[in-house]
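First, the structure itself, so that you have it in front of you.
In order of appearance the chains are A, B, C and D, and numbering begins at 1 in each one.
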Amino acid sequence: MLSIQRLELAEARVLIEGAARHAREIGVPMCIAVTDESGNLIAFERMDGGKVTSVTVAQDKAFTAAAARKATHEYNQACTPGNLVFGIHTALGGRISVVGGGLPVEVGGAVVGGIGISSGTPQQDMACAQAGIDHLHRSLG
Amino acid sequence: MLSIQRLELAEARVLIEGAARHAREIGVPMCIAVTDESGNLIAFERMDGGKVTSVTVAQDKAFTAAAARKATHEYNQACTPGNLVFGIHTALGGRISVVGGGLPVEVGGAVVGGIGISSGTPQQDMACAQAGIDHLHRSLG
Amino acid sequence: MLSIQRLELAEARVLIEGAARHAREIGVPMCIAVTDESGNLIAFERMDGGKVTSVTVAQDKAFTAAAARKATHEYNQACTPGNLVFGIHTALGGRISVVGGGLPVEVGGAVVGGIGISSGTPQQDMACAQAGIDHLHRSLG
Amino acid sequence: MLSIQRLELAEARVLIEGAARHAREIGVPMCIAVTDESGNLIAFERMDGGKVTSVTVAQDKAFTAAAARKATHEYNQACTPGNLVFGIHTALGGRISVVGGGLPVEVGGAVVGGIGISSGTPQQDMACAQAGIDHLHRSLG
């Protein structure tokens, strides 16, 4: 039997809180999704003004980062025509996202979940995702 | 020009809080989804122990209730073979849900969003959805 | 942080072995799927002569049983027109299966995976799924 | 009437065994899928630690390699903007995979199945797929 570590809801809220705080600082209302280590959604918030398309994109970024244990911007950099990874962006009906803004959440060396942000530029999305992770790590002490 | 009344994130959180409180009282960890009046997700929480299948089902119930402005259990009662509504449950690739547990959220006579609950029996899901709405109405005074 | 118990591959093979043995006894080549507790596939075998449609149906049964923590034949009995559960069979694009033959796999009181069988009658499928679970429990001592 | 040569389950297991052995040698837990000549799944194993996204990607690679009778990395090299093959990666709802790691399985000059590997780099996936095929050819003498 395998023993798996997984984010709980209270920790998912901390991730969202940290990401939302950064989003407010830069003035971009975001969609923020947090999944467990298998890519299944734990919590989601669309800040007032967040984009409708981002509802799904944020979830797909979090899913990809958690379930593939890889940041979506790393997939993005490898997913260029002629590279053998190219085409991964259309897998799973497009549910795999290679747009920057999805990060795996690691605690104690294991991926325990994923966070995905959407509505800003990929750089803004990535910064908010990282802010969420930083906030979680601070809260875990 | 139309002027649309729509739940804000703070109000979506109140809906979730009221639903989750009832879920704890009956001892059933739920997936709780809140959408805006167009059926697009505003907030979601999977309580620790909520079911994986309910992640999507709760969202589809909230979507249906808001976007069709009808409780999913009302669709359920009409969705019987021979009734002209029958078949609605497979529309939109099955995204329309006729399983009890999705309620439109009405404020001031207008549907401003939807709430969908999943992981318990339909009766338990419906009670949690109603508890969320009651909590919102109390908070609005 | 939540700590989750999950079937490992060696245990999934034991489940398949037990189910396949019963399938040979009754002379029906089966498709046999085993998922983890979140519904994600761990192992699959189509016995020579198993049906093509059953490749997906077996996986969907295992997914449903694990992720909803409920036997698919229990959903089947509740999923009748007029019952508030009716419509669940078309959720998740039809990936939720209410056809008999999917069982949650419980060890130590927790659902650690699911097994789904398809190619025979639902009764035959259910018997093979149970045979797999019995074989696992014997192997765990 | 056509007479079709098709992998049997025992041969699919040999393919998986050879691929898994190489995966252990390089220390990367893989998802390994084997389909028949029509692209329908015969057997699948997710090694402990294999990625959730790879459950589907491995199956899609095997499907593509068998059903299109072409290695997925060959599609990848042709699937560049401006080339008339470009766009094939989004066909069948993205089920066609152009990511390296899917190989047709040929015996006696005919494609009798496909093998698809996912969780490593495309190069690692390709090496495991080839190791599976080499193992099968050795076992067939």
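Here is the rule we go by: a contact is a pair of C-beta atoms (placed from the backbone, for glycine too) under 8 Å apart; a residue touches a chain by one contact, two chains touch by 3 or more.
In this text the structure is predicted, and so the values were computed from the model without any measurement.
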Item to complete: Quick one: superpose chain B on chain C by CA and send over the rotation angle as a multiple of 5°.
Response: 90
Practice prompt. Starting from the mean Cα coordinates of chain B and chain C, work out the distance between those two points in Å.
Written response: 29
Response to the item:
Expressed in whole Å, how far the mean CA point of chain A lies from that of chain C is 31
Fill in: Rounded Å distance, chain B centre to chain D centre (Cα mean)
42
Discussion item. Measuring centre to centre with CA averages, how many angstrom lie between chain C and chain D?
Written reply: 25
Item to complete: Scan chain B for residues touching two or more other chains and write them down.
Response: 48, 52
Item to complete: Mind listing each pair of touching chains for me?
Response: A-B, A-C, A-D, B-C, C-D
Discussion item. Applying the document's contact rule, which stretches of chain A touch chain B when the two form their complex?
Written reply: 8-9, 38, 40-48, 52, 55
Worksheet entry | chain C-touching residues of chain A, taken from the complex the two chains share | 1-8, 11, 36, 38, 40, 107, 112
Worksheet item: Where on chain D is chain A touching in the complex?
Response: 48, 51-54, 56-57, 60, 73, 75-77, 79-81, 86, 89-90, 93-94, 97-100, 121-123, 126
Fill in: Touch list for chain A against partner chain D, complex
2, 38-39, 64, 66-69, 81-88, 90-94, 96
